[in-house]
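As written, the chains take the letters A, B, C and D, and residue 1 is the first residue of each chain.
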Amino acid sequence: MERAYGFDEVAIVPGRSTVDPEDVDIKSSIGDISLELPFLASAMDGVVNPEFAVSMGKLGGLAVLNLEGVSTRYENPAEVLQEIISVPKEEVTPLLQEIYKEPIKDELVAETIKKMKKGGGSACVSCTPLRAKRLGPISRDAGADIFCLQATVITKKHHSHEQTPLELERFVEEMEIPVIMGNCVTYEVAMDLMEAGASGVLVGVGPGAACTTRGVLGIGVPQVTATMNCASARDDYYKKTGRHVSIITDGGMTVGADICKALASGADMVMLGNTFAKAKEAPGRGYHWGMALPHPYLPRGTRIRVGIMGGLQEILLGPAKTDDGTQNLAGAIRLSMASCGAYNIREFHEKSTLIVAPEIKKEGKIYQRAQSLGMGK
Amino acid sequence: MERAYGFDEVAIVPGRSTVDPEDVDIKSSIGDISLELPFLASAMDGVVNPEFAVSMGKLGGLAVLNLEGVSTRYENPAEVLQEIISVPKEEVTPLLQEIYKEPIKDELVAETIKKMKKGGGSACVSCTPLRAKRLGPISRDAGADIFCLQATVITKKHHSHEQTPLELERFVEEMEIPVIMGNCVTYEVAMDLMEAGASGVLVGVGPGAACTTRGVLGIGVPQVTATMNCASARDDYYKKTGRHVSIITDGGMTVGADICKALASGADMVMLGNTFAKAKEAPGRGYHWGMALPHPYLPRGTRIRVGIMGGLQEILLGPAKTDDGTQNLAGAIRLSMASCGAYNIREFHEKSTLIVAPEIKKEGKIYQRAQSLGMGK
Amino acid sequence: MERAYGFDEVAIVPGRSTVDPEDVDIKSSIGDISLELPFLASAMDGVVNPEFAVSMGKLGGLAVLNLEGVSTRYENPAEVLQEIISVPKEEVTPLLQEIYKEPIKDELVAETIKKMKKGGGSACVSCTPLRAKRLGPISRDAGADIFCLQATVITKKHHSHEQTPLELERFVEEMEIPVIMGNCVTYEVAMDLMEAGASGVLVGVGPGAACTTRGVLGIGVPQVTATMNCASARDDYYKKTGRHVSIITDGGMTVGADICKALASGADMVMLGNTFAKAKEAPGRGYHWGMALPHPYLPRGTRIRVGIMGGLQEILLGPAKTDDGTQNLAGAIRLSMASCGAYNIREFHEKSTLIVAPEIKKEGKIYQRAQSLGMGK
Amino acid sequence: MERAYGFDEVAIVPGRSTVDPEDVDIKSSIGDISLELPFLASAMDGVVNPEFAVSMGKLGGLAVLNLEGVSTRYENPAEVLQEIISVPKEEVTPLLQEIYKEPIKDELVAETIKKMKKGGGSACVSCTPLRAKRLGPISRDAGADIFCLQATVITKKHHSHEQTPLELERFVEEMEIPVIMGNCVTYEVAMDLMEAGASGVLVGVGPGAACTTRGVLGIGVPQVTATMNCASARDDYYKKTGRHVSIITDGGMTVGADICKALASGADMVMLGNTFAKAKEAPGRGYHWGMALPHPYLPRGTRIRVGIMGGLQEILLGPAKTDDGTQNLAGAIRLSMASCGAYNIREFHEKSTLIVAPEIKKEGKIYQRAQSLGMGK
């Protein structure tokens, strides 16, 4: 059995040369759409609604809206969210099972996308493969810029006796806009998705320890190993075709250090749910729930209270008011890359070295005299 | 020293292809008796009585009744169970030592088996090798369908100066019905038991960390490694003889993920005690105690309160009301197998890959947007 | 760097054959003195006084009395012990520093040994190398049967500019009675001690995590590896000379499982402090303190309350009233050896296999249906 | 990925020969300045002010004063420290951000150094590379004996588009006095710094688990591996040039054992912050804060209450009143070296062996009968 590694088990070795963090460029792209910041917000109802997507776009990131969430099922999703947030914890699961039975309306899909585009940024929407044949074309026609095809586990070769599975290649062709696909964790599947035409590949099945998928199904690969697997497929695919596909590590990151490690492992960008659920702009107003929770047979996840930590700008660009690695995520990435001598994310992939260095919790903490690396002051 | 692995240390890697969970078949068999579900209930007095066995059989699983428990010692076992459940914790050990001194009655053995068969399902009963020569034939004649020969550690070559050990081969021959034997954890012993004629082999000595056998005797092998060892013996034995013996992982599993990992490690089915002790139908009514507890010299285990979690149907087939992996175990297995592209348990053995991926507890949990894998909704 | 293992990280694999625990012989020996049970009690003032030594001898074990403790410094040690037990915790260190300044009296040494021999058992006494030239001959002449030369770390080659170090070979020759030496943890030092004439070698420097030596000095080797190292020296020394030296694992064991693992790692016997401090017969009456505590410059350890768990007989021979592996230690060893098919400790060395199997604490404990291995019932 | 090790994961194996701890010499040196004790105090405002430096020098160690702290910004630093200590925790970060905006005054730099030299010891001062061109010459001219160039991560090849980076070689030449540089964690960077003329190299980036740099940036290498890396560069550099550069392990050590392990890993001396912050002589009077805390964009660390443990003499030379490894650090080093048969630190490097031996926390602690190693008594 091969050993796989998660964020808590590795550290980035500082480089032989260093650069000024002010000179570090953290731009990224999906297909021909470029982003100032390598951050995507997860397609969850507590995280992304059209207004959040507009705010995110203005700051340089990208929010993904879930087309199977409340925005496309209800005329007034704010009311429904209020209800979800208000009920006692023990009533959440049946309430969500009920709420998500409401059919998705084509006209709401189109309307939602239009609202997302009002801020001038890109509109990125997501659905599961089962509904893609219906919702994909509607989204494209409504002006979506990027489409995201997402399931717990996706493969090019899904078999079913009852339903005709989605043919990924044909779907990409018909969509015309860039398609992100996921989630996957192995070289083979990442390669299959790239060959099927994906512009971005989401990495992450059962990341982190608390993940419901790993606890219920036993399925999962820790994110450092999963990202390395898929990044390796990206590099080989690029050598073969000259086309760069973005690797997006999705899930399992709680602090800036985790994000830095995802990028050092080969990710081009990261997708965050929990972090953005804590933003003042998030529709969940301090609450958060997984999209597998309303599952009729095997609900997974629950509504959790994450609290409101600050504005999106503070989280992304700082200045940080706390020292726990949850604010000024862009600054943390820049400083981490600078200490490895990397001017951009691709150089970071090449120049950074990871070591296996498990975190050991100690009661008597030592605070380091971490002095400035030439960054301001 | 070789490294051995437990459930908490491994994860299942999703496959390159996936299948529709509705198409997944989780049937299993012991000898010529086939089972709809790969679940056995442990031969413990807090878990299985004849009524429980009938319920379990109707749902497609198999309950094993302990012939050395209260059912065969007392005319009115319900009364005795009530007493065990009622006494204060500190009085449990002496009470149980007293209760289990009562002799086993031949006529109660036969009667118990007849009660088990009333529901139309199979009757499976269990005793230790010491009592097998006496209780085996009585059980067979009373109509038992499967016999289970179980000790903490069983081997084909037990030596004693005082007692003539049971000859396993001859016992199997005389029993005529399928015989399950265990527990064991190594290739060699599993092979010995198969060669002695076992139709099923129970795997597990000291599984899990809290296990008394490992704490008191230091003996034990973590379940993933133990299951792999024995499954490898099964495969080699099958190649040599064409006879398929079922590997039954017994103990150490608390959630659906553990069961999925046991099957991915090579088990054909699993035996659960704690899980079924929580069923509304269990005779322990929320209590549970090990069969080593009444040991006169070296009692191990204690009575524990597990609570009542729900009906057997909910536990086995769902729908789940919780997200902790303790309900709809069959659904969890189907979904896990589906994500590895396996249509049945043997395909799961071949197609699944396990990685070493220790669970790390994190305070700030991230709930994954685990979306549906094409399963209904 | 080589990986070393402690008790918590390994488990004993059950054997291919098993034997009846009633047939298992756990006798042991030091030089020409044989012992019914492979247990030594540590030379600590809270554990061993002459009366305790008599009780221990009657049950078949061996207690080691510290010649640098209160028994040889005070006419009435019971009074002094009472004082140590009675003062508030914060006054213990200075009190002990004071108490152990009282000179050791030759006549008390002789008297103490005579008291130890009254029960008809063997008298084993211990001192540090610094005092051995003086206390050794007195002890021998007073009738001591075994002498124990013990320091945190002992080597054959101790260098000092101020004091002439003890020459171990000459000391052994002059003592005539068997000499135990320790502590050590490596093959080389164990071999050196055997070549210097040791009849027993104590194994253990900084065992267990809470050990003060490891926390203060960073020195230590986990006990499974240390025992394997020294047992390997014993085997090689035996092949070369035909003389069997006993390996005695000392420290770090809290439950029966740890003792079983020490023996499976190659120990001929074990030395226990904490366990016997809990005996009703122990002079510390539920309290316990390390002999490094009164150190004038660098005190290590403290007085701890261990409580009184039961009589020595219960601890050694049972029947056990608890299931936590702290009672009937002899029964636990027998059952563990039986499950590996070993009739005596040397066979256990040969037949047992250890695997690396870290203990993982789980909240939802599963109690195993650990059934009897043919042991009575 | 290579595995890296921290203090908690290794232990020192006692040697084949031992020496009398009284004979052990723990002298050390930086350039041509020799030190009685291998201890440096960290350049932090809660730890070192001129008075503390004088006390430290008298006892044989060396305190490093931060030239970017309050001593050189304020006429009356005691007042400012009082304010930092007095404000409620939530106001600390903005207060510090404010306090450290005050410009550094050249005349205060010179004055501070003169105060440090009043006790007759060496004056060692520290600043970041950004300010070295200005503060270096002032310090030298004011009589500083050693200069310390310190950043979270230092390299010989720092690149910036806005500022001309410091040329390390030229700086060393101009300073004339010995220059310590750091921090670094790899062979390559340590070698680069030695080649640039460093007399001492500080080792440590993100040591310990609680370190903010590792949590925020993901950057770090555990200290045992980092020290081994840099010590290996020192040995190779010495072979090539005949010049001995001191390796100074900085951070992550909480108890004597950690310090012993740092030296056994190859360090010539250690730098401690937390430990000295607990001294009665420390200016923080029981409080402590990282120098990265006032960072305007990405503050890291916080003010923590460490308490006052005793006088500097007690901490360094004992006698110890506690058994937790925080007092008589020199005694602990001597005893540890003695048990490896090492007369001085270089012999300790050669003679000591480290093993991987993770610390496992156990509830039922066993206190070892750690007896005296011939050290007094």
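Simple rule for what comes next: contacts are C-beta pairs under 8 Å (C-beta built on N, C-alpha and C of every residue); 3 or more make two chains touch, one makes a residue touch a chain.
What you see is a predicted model; the values in this text were computed from it and never measured.
The chains that touch both chain C and chain D are none; no such chain exists.
Two copies of one chain, chain A and chain B, form a contact in which under half of the residue numbers belong to both partners. Rotation angle, chain A onto chain D, C-alpha superposition: 90 degrees, expressed as a multiple of 5.
Using mean Cα coordinates as chain centres, the one most removed from chain C is A. Note on chain placement: the centre of chain A and the centre of chain B lie 40 Å apart, centres being C-alpha means. Rounded to a whole number, the gap between the C-alpha centres of chain B and chain D is 57 angstrom.
In chain C, there is no position where the chain touches two or more neighbouring chains simultaneously. If each chain is drawn as a node and touching chains are joined, the picture is one closed loop, every chain linked to exactly two others. Touching chain C in their complex are the following residues of chain D: 5, 10-20, 22-23, 255-261, 264, 318-325, 328, 331-332, 335-336, 339-341, 354-357, 359-362, 364-377. The touching residues of chain A, when paired with chain B in their complex, are 1-4, 6, 8-9, 42-44, 93, 100, 128-130, 150-163, 165, 184-186, 188-189, 192, 204-222, 225, 251-254, 273-274, 288-302, 304.
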